[in-house]
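To keep things simple, chains are lettered A, B, C and D as they appear, and every chain counts its residues starting from 1.
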């Protein structure tokens, strides 16, 4: 992996998720159920207490507060100590969190009733004032640049009772409630704590205060963060007493550490190393769809990509099945849409979800068709262009090189340039002037509209301005019936697919290494954005 | 306590460097080893303290006062000998003392090495003070670093250090060559006094017959590893039996000076005035190097400029050549005043021949290329290179050679040829023979004299050595502290100096003893 | 003299600050994007961030603002870590300093005696080994050496920890052994070369010959030569330092140490301008100060220069 | 009596010690076998750099969607890398990129050093002042650190790195040449050239420059070794050579991911880097000693 030991800048940056080929030990899966290293049988819960576990992160965190730094790893770590009003279960469905219950009296009003036994780790109770304050801070662009986006639709946040908070939206948003989880924008902290530190929370000196089952005891950026179990949590006392998260930016070093038995959990094992992790005697690798989307998109403000025939030619040259089977070694799934199947699971079964998404028109891998399309285009003789790939995603670079080979046959010269994640992020801005671009997006909410809204909604990076699509998306926001929303989204995606704006490549998986004596219940794509340490147990022989 | 050397021979990687050699030195007596570069005299000296360079071995036998020297022995065998039985004094006092240690410490180490234990502070101070007193230095010299002392004082410290653990044999390898003339006699006399006092045997190595005369008892003349002549110093010098010794004696400027031999025509030609220097002033910072210096040089005249280092004579030469910018005064050539610096001068006005023949030729250019370049600037054809070589007495095949393949004398001839190429009106010789062996020195001097006679060129001949100047110069200017203190016909100035400083120089040049000779047998 | 040198150093640092500032300003990548991440952002959010980090000021204003802060002792706030730059640097400095010091100690303790012995017994077996080690140390990339050591002594023979800076005290020392040895190899290579060359030169000098001729023991002679050789060795310190600083980044990355090297690397990628600025200047200042100290040491070591300096001032 | 007296190089003539003959300094002579071996290594490496693309024309364009194989696999003696490309072919093909950059860096830095160093050392004055301050500035920066900052900030890439390293390596060349020129300028043969009123260009480039060649060439050789190491270090930190280029440093960096599947993917390029760097170091030292021995005879 490349050198970004910087935690993550965006949720995108973090995941060093997939690597290139790994010697497969594992059959490809298209199920959303996690798949683990074969031949490893994890014992039953022994009920033993676990003194401590070590979690190895492939990069460092700069801040523990997600509002400040919102990479995917930040979410994972924040979930250990902080809670949202709601939580997400293994199926992606919303469950109570700090709020015992919630209701939606009208399309723009949400009322949350707080539980009365919630206490911060310093012993002070979680009050409605704290919740209002935390959310207000989250929607403040300078306090929480990483979270404010989720709350732009919020009009007011008010304390409406001793243990009640009411949030009013500007416009209806069916998916809003998910934002009130620790997978979204709700990281409830104590107002007193925040003010004591002048808003500088999540740093090595101020640490972080939440209401979760673990308290941060030490944070050394670029080194480690340590957690201790507290008895103030409202839920059942978890088995693990202390958690130490070590940041090991060098993948070889991390693998070595695992081989020495120093690691209990390793997030985001690169696929290139997956086989070596699987080969470890006392560790297993578990794969799970990670709600990420990888695709290409065209900035139609840049010639010749304003020409649909050019876009079609490139779309026909994309061999996404080969990417998935060889580059990802099956740890991923050829994408037929921008939405991930997991985001539909609250309504549809996995099979139905995939079937539904498959109805969206596809550009088949067909180099002859690609040549034909190019011949029809404004640049029949071909042209030269460049694509930037982020250095944290080597599999993206490899896929781009494979694409470049196919495009060369078609008559298009594609130069692949690997750049630091930061430069890649900057290149996503339409004004950067790159016509052919990668999109790599991790969703944490599991809301089907999240990624499409970004990629084809107003102000999208492709400069795609289709009134019909925009209309459909605004209906999505207003529609409260999940199934109807999904249908509207499919309709919008169909339109964009016909215009060949975004070319979905794959839905990603993440690989997590677990020590064999460590069991985890209900492992799902949503596990690490909830209070995941509570799901760990000491497995028997 | 007699030193006996029998059949001592040194073999190096290139063969036998010193042929078997035998000698005896009585206590209190001095044996002189005389020879030019490459004669093997230094190797002989080093073999007697076991300090031959790697790859060289000594055979034969040597004993000092009954103690056999472990000629073929290892470092540990030698350690018992060095300092206590035999000690070596080196040529250059500027480098033979560690620059970062105090003089007293360096003397004390010798004592400590002999006793094998560290001295107590007070004991050490007392020992050092006594040793310093022996070489007539005050006790405070112990606190000084070498660079704080003059060359002569440094050599005294070195002598004290070399003798600190009372050896019976002192080998002095050119002990005064690096010193100013006025210091040389002093050091030699001091050595002599100490030697008599201690009844020390001394082997004195020198290229300089003047040093040998009157201060040594026996002499060995060496050439290319062979002893060509040996005997009582006085008789060898008076009546050399080997032609080489004869040639050496004849070539020696001191001998020549004493015998009155001169290379100049009896009557200097009355030539037209070539160079006139008027009231030249030059300072480096606050230090005034040239103070109202005036002189004239005529065609066909060799003007000797004499003075010790720091007297300003080289700066004068460089100002005339345009390599330094004078602060005031005028320099005119053929009546035309020149602005300071090279820009106002042309190659055919003056050329300069430097002291060091090893660095005055571009090592990367062949002799032919060097001379052709010099000819070209004067508009002369490169085909004249052969003629030029002939003028300086070198065969035509030297054209292809590189400086590295030439000896010092040959290089200096090439340098002179280069200087002559633009047909300069004035030739400046800045210590041009000082770095050469005496025999070579004489050759070059003859060449210069011949050039003056044939070409009628004007020469400014700068030297610290009055003896050399006396051989060649027609008239002489004596400089001291940037001023001209005496001037006149060469013969007059040297035979009847009027200025005190000139008298000192003359005495030094003749290697005269300034101290009374005590206890000579 | 020293005052002139100090002024010179300050001048260099000042120019450097402008160069670094201009470079970071011109660099591709966008701080706003870094902070907001890959997601749609409202114009208000962008404006707020730009306002907060004064991105709308002209580059000159930004620079002057920063410079003003530096002169009043305020290095600014790290954008990435949200702590004052001075704290970010201060937190990591001890580890890097300890690592560098340890590496330096190991290198000096091994390389100086080795260089001395190599020179004294030039051509001997120790000289050959020293020479081979020196060439290898200069030729092997620091990270490659680090990886090899990691595999050997942390994995196959697990006597040292694999990563991290430890929990302070002896534990930290234990964690620093391998990275320090890694650095010390390259460092030692330079020092061996310097020492050997300097010693050879001194051993061939007249005063050594004279010392030997007076019967001084080899130990005393070598000490004498080393004392003289110390001058060029100490003057070569800047070379050593340059290597050390660069190597630290590699070693820290390889061994996952939270030091200044990793801080710089991360800050560069994040465009954390205040940290990169301050850190670059800090490193340059440290090097300059140590070069200055080397000069002062030169003064102390060489009485000749001491005298000249005394005369000049 | 103008013939040299004797063959001994020991002189007792009153020259300053610096002018002593060669025996005064006795550099360790590299054993010829070792140097021959080093030259052979360099020869092979540069041969591979020049003709590697002819031997394995499609090393980089091998089917990149194949799988990783350990060493000793049929058809792949050193196995395949993380993209399924043959390690042996990659190592040969990688020579060009791995060596071209360092060589250009060494040559470029040498050119800067020769031009600026000579001007500064001989002309003195404001040129010297400007050049000296420039080198002071650059020398205040550790090479690797500066490279990380600049490469990291501008996104790295091969040619950016080359230019960067030239700039960062040049101060030492400039200083070495300048010091050499200063030393030579003070020698009488330069003053003799001035006495002939030769133009300053002729003095600088005809007279002085050939005499500092040994310094320049030696340093250039050592720079090749340093640049090779620097390139690979930068690649390790992710700011050097971009992916998609066959390059030892890149191979080493990428190959670490599959260290246990195919150790050769890491150790082969690492070994090549170290061996070539050692060879360049040895040859550099050797050239330096040979040339300076030539020089010593004449000094």
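Methods note: a contact is a pair of C-beta atoms (placed from the backbone, for glycine too) under 8 Å apart; a residue touches a chain by one contact, two chains touch by 3 or more.
Labels paired with UniProt names: B = Glutathione import ATP-binding protein GsiA; C = Dipeptide transport system permease protein DppB; D = Glutathione transport system permease protein GsiD.
Just so it is clear, the structure is predicted and the values come from calculations on it, not from any experiment.
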item: Chain pair with more C-beta contacts, B-D versus B-C; value: B-D
item: Distance between chain centroids, defined by C-alpha means - chain A, chain D (Å); value: 47
item: Whole-Å gap separating chain B and chain D, where each centre is the average of the chain's CA atoms; value: 44
item: Whole-Å gap separating chain A and chain B, where each centre is the average of the chain's CA atoms; value: 87
item: Residue list for chain C, restricted to those that touch at least two other chains; value: 28-29, 147, 205-206, 253, 265, 269, 271
item: Residues of chain D whose C-beta touches two or more other chains; value: 17, 26, 152, 155, 237, 256
item: Shared interface positions of chain A, touching two or more other chains; value: 3-4, 252, 419-420, 423
item: In contact (per the touch rule at the top): chain pairs; value: A-C, A-D, B-C, B-D, C-D
item: Interfacial residue positions of chain D with respect to chain B in the complex; value: 1-8, 10-15, 17, 19, 23, 26, 187-189, 191-198, 207, 210-211, 213, 294-295, 297-299
item: In the complex with chain A, residue positions of chain C that touch it; value: 28-30, 33-42, 44-45, 48-49, 51-52, 80-83, 87-88, 91-92, 147, 150-151, 154-155, 158, 162-165, 253-258, 262-263, 265-266, 269-271
item: In the complex, chain A residues that touch chain C; value: 3-6, 9-13, 60, 62-63, 68-71, 141-142, 145-146, 148-149, 152, 200, 202-205, 220-224, 246-250, 252-254, 256-257, 259-260, 262, 419-423, 425-429, 440-441, 453-454, 457, 459-460
item: Contacting residues of chain D [partner chain C, same complex]; value: 17, 24-28, 133, 136-137, 139-145, 148-150, 152-155, 225-226, 229, 232-233, 236-237, 252, 256, 270, 273-274, 277-278, 280-282
item: Residue ranges of chain C touching chain B (in the complex, touch as defined); value: 205-207, 209-218, 220, 224, 227-228, 231, 301-304, 307
